[in-house]
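There are structures below to look over.
Across the two complexes that follow, chain A remains constant while its partner is chain B and subsequently chain C.
Up next is the complex of A and B:
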C-alpha cells in the first residue's frame, strides 16, 4: 500500500520547523516506515478490542491529603524567560 | 597472578558483604569507580555528567553510618549510574537532547528517590539516544558511546551509556529505561544483565516520558542476584504514578536459589528465523541444552502475531511520543529559539532547532498516525494488534512458565553501520518489543560470545508479575554457565 504524506501539513500540525533537506529525507523515509507499519491492518479484525495499557487500571485516585508541593521559584527556575514570576512568551492576543 | 578486579568490578552483593564485615569502605568503593571513569571513559564515553563530589559525600555519609554500627541496606554505598532520562534534583538531566541542554530538574524520579534514601551513591548520568529513541546510542545529540568489548562497535541502545558503564566497571549497577528493548538490548550487546519488570512494578514518576504505555524503568547489573536486589529496592506502589501497580516492594531475591527443575520453558521458534546471526543462534541453542540439563522441561513455543509487533510498536510509540514531546515548546524549560516573530514561530523553531533527526522522524510518524482520517487505520489498528500479542502470551503461558529467545538477532554492530537505515535499526528490537506491548517481565542474561568475541544475550520472559521465576531461572543459568570473561578493555588495563 503506497502511503502519500503531505510533509508540510504534518510538520505544521507538529509545530516542527524542518529544513528543505529534512523535508526531502522525511518524504523518502516516512512512506517506507508507514507502509511497514500499515501491516497492522492485515490482522486486526473488527471483533478485536483495542488495548491502550497492557496492565490496565482504572479510576486511580490517591488520598486527598495536603502534601508539600513544588515551590514557585523552583518551578520557574528553568524557564527561558520570566516576568513577574510568570512565564514570558511573545504576544498571543492582539490588543487595540 | 592475583585478582585483577578492583572493588568497582565486584557485584553489588559482594561489595555489600565487604561493607557489612568492615573489610572495605564505601569511600574506597566510590574512589575505585571514579578512578575507572577517569581511566576508561575518555574512550567509552558512557557519561554525560559525572557527579564525583556528591558521590564522595554520599559515600562518606554511608561510612559514618556504617562505623556507627547501623545496618546498611543492600544498595548502600554501591556506585550507581542513571540514564539521563531519569530526573535528578539539582543534577542536569538532558535526555541526550539539545532541547534540554542545561535543564536542572526541581525534583527526583521515584526510583532514584528510593535508592537515595537507602544510601545509594550516584556517580553520574549516562548517555542515551535522544529521548530514548534508538537502538545504538548514536542518536545522542552529545556524542556516541563505544562498546567496551569493541570500541568501534555500538553499545546498543537506547540506554547504551548505562550498559557500557556497568560493563566497564565505571558503575557497579545502573538504571535505564526500556520502551522497546532499551535495557535488554544494550545489556545483551555489552555482556551484562538487563531486566525489564512488569509494567507498573516500578514507578515512572520522573522518567521523562517517551511512550507512556510502553516506558519501563529497568536495571543493569553484573549478576542476576544484583538485578533482584536493585529491582526490589525501586519497585512497589507509588501514588505519584497512576499506572503503578498496588502492592509493597517485592522481595525478589527470596526464591533465587530454587533452580529450574520442573520449570516449563518454551523456546520461541521466531528466535531462530531469518536475520539471526549464526553466532547468536549457536549460543542460544547451547543455552537451551544447558537449561534442559539443569532439569527444565523444554518445548517449542510461538507468538503467532510476533511478525506484527514491530509494525504496531512503530505506530504506538511514535503516536505517544508525538503527544508527550508536545511539552517542549520553549515556554517553561529548555531551549527557546531567538527573536521569535510570534508564539507559533517561537514554538516551531524551538522544536526544529532542539530536536535531532530520529526524534523529528518519530514526531512526524506519530502526528501523521494520529491525524484526522488516519487514526483508525494506524493507531486504532495497532492497539488491536497489541490485544492479539497479549492473547498470544496468555496462550503460550498456558503451556509454559517462561519463554526463551535471543535478546537481539545480532551482536554489537559497527558505529555508523545502521544510522542511514531506520528500518534496519528498528529490527534490532524485534525480540524485545513484544514484552513491552504486553507489559510482561523479561531479562537478558549473558550466554557467551560470538566468533568475534562479542557478547550474546539470552532473553527469558515471564508472566505478568512473575519476576521471581524469570530471575530464578536466569540465576540458575548464570551460575551453571559461570561466564567470567571481561571486556578486552579491562584486561588490557589490568596488564
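Up next is the complex of A and C:
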C-alpha cells in the first residue's frame, strides 16, 4: 500500500532537526515500516473487532490509597537543572 | 447585548474539574494542594521509563457520578488515549486523556436565567490527568519574556474531569448561570472542592457570532485563562462585543485562541505557534479499557445526593420561601444542610431563612468566613428563632446574641443570661425607664401630642438604648403611648 509521508511535518512534530540526506533516506524508509505494519490488515477477519489491546482484560483499577512518594532529592536526581526545588527547563515558546 | 438584533452569540464551555480523591489518577501520590514543590511525585507521575499507570477506582466512580448527575449515558466501553505534545508541564511528553471513546456522553444541565429554564446540552464528560505547574521566572511573568521555566509536578497526574457543553449557551449571563449551577452540582456530589481561585475548577469558552437563525456557526474563537465565574462573564461580554463589531464593520474574524487579561479587561490573541498542536492521539497501551459493570453504575446512581435543582424545588414547596431566599439557601449543600438542621431542631422555616440570608450572611461577609468556618451552628439558629418568637429576647437582642455566638460560639441561652438580653417585660421596671426618657425628651413628646405620631419610633429607640437592648419594644411603645396620651 503506497503511503504518502510529509517528512517535514513528521520531523517538526517529533522536534527533530533532520539534514537533507536524512530527510531523503527517512522518506524512503518510513513508508516501508508503515506498509509492514499494514500487513496486519490482510489477515484481519470480519469476526475480529479492531482493538488496541492484545490481552483480553478490562477494568484494572487501584484503590484510592496513598503510596510512598519518591524522596524529593531522588525525584530531582534526573532533572537537567534544579532551581528553587523545581525542574529547570528551557524556555517554552519557540521563537523563529 | 440586545437580543433582537441581526446576530446571535453561540457559546460552548469546556470545564476542567480536579477531583477530590486522596491520591492521583494513576499512582498513589497524595492529591493535595499546596505541598512544597516536587514532594508528591513518584516514578509514574514523573514518567520514568518502565513505570505503569493504574487508574484510581474512586476517580472513575466520581466521573461516573458526574455523568449520571448530568443525565449522561455511561459508555459500556471507553478508552484512555495518549495526547502527545511537547510542553514540559507533563514529564512524559503526553497527557493520558480520553479521545473518541469517553466515559460519559450526551447529558444536559438545566439552568435558570431571568426566571426561565434553559437546557444546556452536555456533549461529553471524560477523565484525564492534570498537568504540572509551570513558573516563568522574569520580571513580568509573561511566557514570551522568560528565559527558562521551572516545573513543579505535584499536580501532574491529579485526576481531572473535563465537561464539554454543546454550543447551546447564548449569552454571557447564561454562561454564568451554567457555571454557577455546574459548580453547585459538583459540590453537592462531593467530588471536588471546585475552587476556581485554586484552579480546581477551570473553564475555557468557545465563542462565535452568526446571523440569527443561520445553521452554520460563525468563526470560532477559544478563550482561555479565566479564573472566576465573574471573569468568564466579563471575557464573554468583551469577546461578544468585539466579534459583533468586527462583523458590523466587515472586518474578517480569524479562528484563534485568545487569552483573557483580567487587569486590562480584554482578550488578546495568542501567537499561532503557541497552540498549533497535532496531538496524534493513540490508545494508551498500558491501560486496559474501562467497561464499568452495570451493577456498579446502578449502585452509584442510587447513591446520588439530592441535586441543587431538586433541592430548590423542594425548599420552595415545603417551606413556602420566596425564590431569592431559596436560591441562597439551596445554592450550596452547606447552607441547605445548615438550614434544614435548624428547621429539624424546631426553628420556624421562614424566620430561620430570614436570619440566615440577612444577619448571618452579613456577619459571614463582614468577617470573610465560610459558613463551615464559623462558630455558629444550626442549634444557635434554632434557639435564636425560638427565643425571639417567644418574646424572651427582642430582635435587637437576637442580633446581639447572634454576633456573640458568631464570635465565641457559646450557646444562645448562655449569651442571653450573661449579657442580660432577656427582654424587660416588667411594667414597673420598664415604666421607670419610659418616664426617664420622656423627661429628657420634652420636644419629641410635644411633637407626638401635636399629631406627629412617627416620632414614637425615636422614643422607643431611646428606651431600647437605655435598657441596653433588653426592653420589650412592643411593651415600651404601649407604655409610651399610654403616658403621652394621658398627659403623664
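Here is the rule we use: the second predicted complex is superposed on the first by the 77 of 96 C-alpha atoms of A that agree within 3 Å, B and C clash if a C-alpha of one lies under 4 Å from a C-alpha of the other, contacts with A are read in each partner's own complex, and residues count from 1 in each chain.
Just so we're on the same page, contacts are C-beta pairs under 8 Å (C-beta built on N, C-alpha and C of every residue); 3 or more make two chains touch, one makes a residue touch a chain.
Nothing here was measured: the structure is a model prediction, and the numbers come from that model.
Colleague: Under the stated touch criterion, which partner chain does A:55 make contact with: chain B (first), chain C (second), both, or neither?
Modeller: both
Colleague: Classify the contacts of A:16 with the two partner chains as first (chain B alone), second (chain C alone), both, or neither.
Modeller: In the superposition, A:16 contacts chain B only.
Colleague: With both complexes superposed on chain A, which partner does A:75 reach: first (chain B), second (chain C), both or neither?
Modeller: both
Colleague: Taking the superposition on A as described, I'd like to know which of chain B and chain C A:40 touches: first, second, both or neither.
Modeller: first
Colleague: On the A-aligned overlay, A:66 touches which partner chain: chain B = first, chain C = second, or both, or neither?
Modeller: Touch status of A:66: second partner only.
Colleague: In this superposed model, does chain C or chain B come into contact with more residues of chain A?
Modeller: B
Colleague: Could you tell me if A:84 is touching chain B, chain C, both of them or neither one (first, second, both, neither)?
Modeller: second
Colleague: Kindly list the residues of chain A that each of chain B and chain C touches, one partner per complex.
Modeller: After superposing on chain A, chain A residues 13, 15, 52-53, 55, 57, 60, 62-63, 70, 75, 78, 87, 89-92 contact both chain B and chain C.
Colleague: Contact residues on chain A for chain C in the complex?
Modeller: Against chain C, the touching part of chain A is residues 9, 13, 15, 52-53, 55, 57-70, 72, 75-76, 78, 83-94, 96.
Colleague: Provide the residue numbers of chain C that touch chain A in the complex, in ascending order.
Modeller: 21-23, 27-30, 36-43, 46, 48, 54-60, 77, 79, 84, 86-88, 91, 134-137, 143-144, 146-153, 271, 273-274, 278, 280, 282-283, 285, 287-293
Colleague: Considering the complex alone, what residue numbers of chain B touch chain A?
Modeller: 103-104, 106-107, 198-200, 213, 239-240, 242-243, 245, 305, 307-308, 310-312, 314-315, 322, 326, 329-336, 340-349, 351-353, 355, 357, 360-361, 363-365, 367-369, 371, 377-378, 380-388, 390, 422-423, 437-440, 464
Colleague: Flag every residue of chain A that touches chain B in the complex, lowest number first.
Modeller: Chain A reaches chain B through residues 5, 7, 10-11, 13-19, 22, 25-26, 29-30, 32-34, 36-45, 48-55, 57, 60, 62-63, 70, 74-75, 77-81, 87, 89-92.
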